[in-house]
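Each structure below is given as structure tokens.
What follows is subunit A paired twice: with subunit B in the first complex and subunit C in the second.
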Partner chain A sequence: MASDRVARSPWRWFWSGALVVSFGLYYLAGELLPRAATRYPAAWRIPLKDDISAFMNWLIEDATLGLVTFKEFTRGIAWVLEQPLNLATSLFATGFLSGVGSNAEQILPPLSWVAVIAVVYLMGRYARDVKLALLVAGCFGYLALFGQWHSAMVTLSSIVIAVPFGVAGGLLLGIAGYRWRAFERAITPVLDLMQTIPIFAYLVPILFLFGFGPVAAMIGTIIYAMPPMVRVTMLALRSVPDEVVEFGRMAGCTRRQLTWKVLVPSASSGLMVGVNQVIMLSLNMVIIASMIGAGGLGYDVLTSLRRLDIGAGIEAGVAIVVLAIALDRLSQAYAARTPTGRAGGETSLVKRHPWTLLALGIVVAAYLGGLLFAALAEFPQAWQITTGPFWTALVKWVNVNFYDTLEAVKAALLINVLVPVKRFLLAMPWAWVIFLVAAAGWWLGGWRLSLLTAALSTFILVTGQWADAMVTVYLTGISVVIAALIGIPVGIAAAGNDRAWRVVQACIDTLQTLPSFVYLIPVVMLFRVGDFSAMIAIVAYAVAPAIRYTAHGIRYVPTELVEAGIVSGCTPRQLLFKIRLPLAMPEIMLGINQTIMLALSMLVITALVGTRDLGQEVYIALTKADTGRGIVAGLSVAFIAIIADRLIAAGSNRVRRRLGLQ
Partner chain B sequence: MNIFERVSAVAMAGTMAVMLAAPAGAAVESEDPIKLTLHDWTGQLITTRIMGEVLQKAGYNIEYVQADYIAQFAGLKSGDLHVAMEIWETTGREAMDEATATGNVENLGETGLQAIEEWWYPAYMKERCPGLPDWTALNDCAEEFSTPETAPMGRYLGGPVTWGGFDDERVEALELDYEVVHAGTDAALFAELESAYQREAPVLLWVYAPHWAPIKYEGEWVEFPPYTAECYDDPAWGSNPDTAYDCGKPRGPIWKVAWSGVKDKWPGAHAAIGAFTLDNDEMGAMVAAVDLEGGTVEGVVDQWMADNESRWKSWIGM
Partner chain C sequence: MTGDNRIKLACQGVWKLFGNGEREFLSRHGDSVDDEALKRAGLIGAVRDVNLDIGEGEIFVIMGLSGSGKSTLVRCLSRLIEPTAGRILFNGEDLLAAREAELIDIRRHKMGMVFQHFALLPHLTVLGNVAFPLEVQGVARRERESRAREIIKLVGLEGRERYFPRELSGGQQQRVGIARSLAVEPELWFLDEPFSALDPLIRREMQDEFMRLQNVLHKTIVFITHDFDEAIRLADRIAIMKDGRVIQVGTPEELVIAPATDYVAEFTNHIPRAKVLTLGSIMRPSSSAAYAERFHADERVADVAVRFDAGNVYAVVNAGGDVVGEVTRDDLVEVFMGRRDG
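The block that comes next holds the complex of A and B.
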């Protein structure tokens, strides 16, 4: 401990000095230093984006793989993916058709709403109990009652295909990473990029390569939603106890048997966390997917909000949330279900598969019933209800009565916090910022990390995106601080009480799956276009992990330590600040890390309310179909994310070591 | 029903469908569906659905595909998508020119609709700033249009950066005491207008037509010195001898574009799309019928088809 304190003190001096120098630079840089010190000269830029655009053109136009061109190859993949998707869409939404376009005739109608609700009820009943069954049936009932049925089924059919692909792909990559360390090292940075490059950045090449429509949207969804599955798989397989693996070896398993019969089943509860993330992230992509032809609920959200029909937007958004909840709870229950032993082989088909047969029976009955009564085939319009006018009126009421109060709060925050921070960051000379980032890397993780952070920030500089990147850092930085100030106390409060935790959990699940576009428009009405509205949207989306991880960390502080504290006479306050919080710190830092990642992933959405950061750059590149510009800006977002991630991970490791947790 | 019976039933139904469709399709060059793109604003849905209905009357097989306004060009160039009915001179020109330059996309001429884009204010602002709509009155009312962040300058809410529009340059050239704030999407733009209108608060922003907003909200366009090509090209033109852009925005046509292959694959459809025209007034009425009176796009389009039979018949040579 003593040596540690000695080692830390020079750094303390260093950071205090750095702070003083920064302020000095803020006040003096304008006069003392040439303009090139704060504004990187255009002439020094590396024209990387042109090279990327040229490469993409070559890939799309000329590249060949022996017999077929690269484009034919990717179109082939798209065709393969299209088959199951078509099947699912026919089954849930459009019915089976013969012919194409407006000449198509329906041969078989889609599943009736009665059948779908009955089947999900039975699945819930089979997987756990009546309570779950009622929950999922209620979720699907909402879709029918609020007139979202058709769109929801279109969305559902793309989700039920994208999720298995994401899960299977993630599982295979994860197993490969578990087996070969080299593969893991190679794939980790790729996963980082997949998660942090905004999808708008690579949308244009995807459209060229995979064609325009639901399949391209699905591929984008899979790219975005798969990485957590890969990571979780590697983690879950590693944490299978050695005894289990040894036992498998002793029983004479081949390598393949060991993987599929021993490792994967014993890691299944961990793997389900990955499945949950794939489902949630796929539903997150619904809005963006609808922009490239996926249709469904995302399209409804977009069109309603363009008409400023806030109520309809909220109802379609909530439909996405209930779909997420139903799918998530069902998949969790299936994973937790312990298979019951099968008694003998001689039982009849009915006895072996009672649920499946019952479900099939209902589907057929509902189909036949639908031929006689139209109400069975399609939920009648007359039964539908809407709360649309209520929401519109509510927003209007808040707007008319509270606008001035909100305006005062907003102006105070803008003038005293947001604007000064922005000016400060933009006034810093780039060389100084890169130096500080490198120093932070050295301090927390040694020379390797220092080199990495310096290289990544230099990339942002030389590709000419420094000012945009600084605005990005300012906007996400402030949002993350606010999210932490809200999230950590809420997490602490919720950790102590099971009932409170359940309520909080439902709230943060909703915040994460409700498309941010739904609340962005009311926020703009109350706070006008600009950084402040963007900040609110980012905080609303990114606060969830701060709450979740804090609560998790505090709940799992070893009870012996807490009891030791009580025995030695700690007050509840001391218990929190001296024992629980410090021990939960690594977990809380992980939460902050995730908060940063989510905040950065919101940048593209906030570009829609007029921020001028890297997200806007990506968005502009998309609207101008400029592949290179989009990818370079997207990489810069990813690099900011990676710098933050690595620094926090290194910092968290230091804390862990100091607490003797490792 | 066993699987073989099922398959043969399906096959038979399929054959019958093709046979039934055959007489109507006998006149057309290809049975493949023509894919028309749908975007997220009502006017475009109406134009596209009218075109689709007309093509269907001519016997063509059509399919509607939801696509993003700009991202669709990737599909038009590769032939995955075929027809886009509304490319605005004012917002889509750049992407359209880039696409037509590749030779894979063809401009099929004007829709007859004229895009108007200009600074706009609600009618109640005229009492507070009596000099409007003349642009010279703007500086007298800058305080009136200001917000805490921009005071003492007025605040003008411009369109998304991607729309262009040269508003920053215009403010400079006409020496207006205004700060330009860019909205990110038009949803955000009109959300601000709705909010201000509910409170009768000052607001000055970019509005365009044909759109439901100038129908729903009462207001006027600011009258700048009228646009000419010289104004944008030649600094010497206009009130400010040193800078360009000292005038209003151009009003431009809305274009129809198609994948170049349409001409060879469906020549008749190509001619019909080329012949299609509407005008601003009928468009405004149809947009209002949907967005403000709660009608459906399909219903409004059916009504138009019934009322204008001779017009659309001439497009397809009937």
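The block that comes next holds the complex of A and C.
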């Protein structure tokens, strides 16, 4: 404790000094330092992106694996994946066709909307109760009623195929990681990188290797959605009690039996959490995947956003949200479902599989009914409702009546906050920034961390991304500060009161179900394009963890400590500031960490509303199909995320140790 | 253990050290390892030079407090953990030399194990759990389920076949664990603190149940516990462990009469003598008086005391029915008052 105090004060001096020096540099750098101090000279750049592009070209043009070329190999994989996807699309959306193009003839219609709604109702009923069943059926009914059925079914069919692949792949990798420590050590940094690197960055290589179209989009979705499943699998398998594993061995299980009959089923409730994650991430990917050829709702949102057709964009966006909510609640219910069995030993098929048989019966009945009444096969146009004009009118009304107010708010924030911060960061000499990042690493985690942060930031510098990176830091930084300023007080307020907490929790759960892209729609409606719109979208997307972790941290401060405070005569304010907040601090820091990660992932998406940062760089690389540029910029975003993550984690651990919580 | 019994499981010079370079360390030091040397090498001596012979049909209890190495030892005996050194002979064959496939075969047919926290599979019903060891052997569903039903009936859980483990109480769950371990009719039955996670009343009931089962089944049993009373109640013989070593092996009576160390004496001191001492150990030489009644030398004092009247002399006979000594009620009273240690 004593040494800690001694060690702390020099750092305080250091950071105060650093602040003064920074301001000094801001005002003087322009005159005193050469231009190369703030603008990294192009001649010093390492042409990494060209190398990557060249490698990619070689891979596609020349690389061979024995008899087949690499490209044929990847296209082969694509073909294999295409078969189940075609089947699902035929089943849900287009029906089974013979022939191609306009000559195609429908042999068998797709599943009737009645059948799909009935099946999801039964699934809800089976997984939990009538309430859930009604919710899920209502969600699908909404899709039919509001004319989104066809697109939604196209999206659903790609999810129905992508999710099993993501789950199976994640499960197998996770099992391998569980079994071989070395494999886990190898795969963990890859997972870290995959979860922080922006999706756009690996869309380009996927495009090259697998071509443009629904299959490439699905592969992108699988790669994006798989990492959490790998982690969850390793975690869930590790938490199977030792005794259960020992029992399996004593029962004489072979390795395979141990894995599939003991470990995986015992860990199933944990694994279902991973399945839920895969589903949600796949849905999150829906719109982005449409950039490389996925159809369905994502495509609708993207095209209407490009046309600035607000009404259509909102309709399709809401449909994605509705689909997401339905699948999320359904999969969560399956995860929490605990079988009970009191009944005797019935063995007849009907009694063992009542739900499946009922669902099959309804599907067949709906199909036969569809042959007689067209309304059963396809939801009639006449019944559909469109809300598009309403939204367009609403936006028009808001813009007519509040244009000046909104514009004033936007201008004030831009002039007083955003622009000065941006200028300040861009004026900092790069050497000084890298020095400070390294110093922070040293301060919080010792020399290893210092080395890591310095190396990662140097990578960004030498690959020529410095200015873009600074804009990224500025936009993320401001958004995170605003998200924290909103999130922490809301979290504190919500923590004090059970009912408030339930309401807030329901809100942030729903917020986190929304695909990130959806946030852009209202923002663009109200503020059009630019940094400000991007900031609003990022704050909205990233505020949830700040609230959640703050409330969680404060609610779980040990009761004894709070009671000790009350007995010592603390006022409620003192209780909050002297006991609850300091003890909740490590948790709050983790919340901020999550906020930063979400902010960075949203940042890339806001490239669509015209920011000028690394996100834009990645997005441009995607539109120009420039692999090297995309990957280098993507890695830079990932590195910024990793620097922030490691620094905050180290800081949180320090606080935790000081509080004796570890 | 009587001499004519075959040895089912023998454990010769078994060591288990945790840490790096433990094999080299052991071959360098031989069997003369002291605490200092272990500490310097950064190793933990979980099991140290253990030698045991467990006879067929015997209930052999390994008793020790937490950290004494008893759980590690039983895992070495079942080869769930590889011992660092030593030999384990099961039916005279070296278990440690068995290859993976042989080991699986031995476990499938000859061993059963009951765990402290039950280790039931949460996704299977009672029936599924009990039938599981047969399932992994590839026994057909109909056959394994009918076998499982029989054992479930044996442990008194009839009618609960379709329940899931979490729908049962702790005692019932452990009955499932016991039934499951008996499904393959093992020759050797390991029980690792089977009743420690249960409430005291249930524990006692389960001990009675266990004795009832053993009277029917006559398995060779290795029973782990940290509860000395439980050990005394159930054991034919007890091995007491401390810091990885077995410090004494003997019948409950032998431990009470002649504890090898102060550590053992600490456990035995509070045990009522009448519950462990047999008539054979307190009898005096036969004076060929007129005997009122005959008692077997293996009878425990507490069990027969009510049948003794004042003024009579009673004969003590051996297994063959020959009179080997005599006792009076006063001798028994001495034991109850704690004046005699046998």
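What to note about this one:
One rule holds in what follows: the second predicted complex is superposed on the first by the 560 of 662 C-alpha atoms of A that agree within 3 Å, B and C clash if a C-alpha of one lies under 4 Å from a C-alpha of the other, contacts with A are read in each partner's own complex, and residues count from 1 in each chain.
By our rule, a contact is a pair of C-beta atoms (placed from the backbone, for glycine too) under 8 Å apart; a residue touches a chain by one contact, two chains touch by 3 or more.
If you're wondering where the values come from, they're calculated on a predicted model, not measured in any experiment.
Applying the stated contact rule after C-alpha superposition, one finds that A:Ala625 touches subunit B and leaves subunit C untouched.
Contacts of A:Arg249 after superposition on the shared chain: subunit C is touched, whereas subunit B is not.
Judged by the touch definition given at the top, the superposed model places A:Pro241 against subunit C, while subunit B stays out of reach.
By the touch criterion defined above, A:Lys261 reaches subunit C but does not reach subunit B. Contact with neither subunit B nor subunit C is seen for A:Ala201 once the two complexes are overlaid on the shared chain. Set against each other, subunit B and subunit C touch different numbers of residues in subunit A, with B touching more. When the two complexes are overlaid on their common chain A, residue A:Ala440 makes contact with neither subunit B nor subunit C. On the side of subunit A, the complex with subunit B involves touching residues 96, 98-105, 107-108, 203-204, 207-208, 211-213, 290-295, 299, 302-303, 305-308, 396, 399-400, 403, 407, 411, 414-415, 520-522, 524-526, 528-530, 606-612, 616, 619-620, 622-625.
If you check the complex, the residues on subunit A that touch subunit C are 241, 243-244, 246-247, 249-254, 257, 261-262, 265-266, 268, 338-345.
Put simply, subunit B touches subunit A in their complex at residues 10, 13-14, 17-18, 20-21, 25, 31-35, 40-42, 52, 56, 61-63, 65-68, 70-75, 77-78, 80-81, 94-95, 98, 147-149, 157, 160-162, 181-192, 194-195, 198-199, 201, 212, 291. Per the touch definition, subunit C reaches subunit A in the complex via residues 75, 78, 80, 104-109, 111-113, 115-119, 121-125, 132-133, 135-137, 161-164, 166-167, 181, 190.
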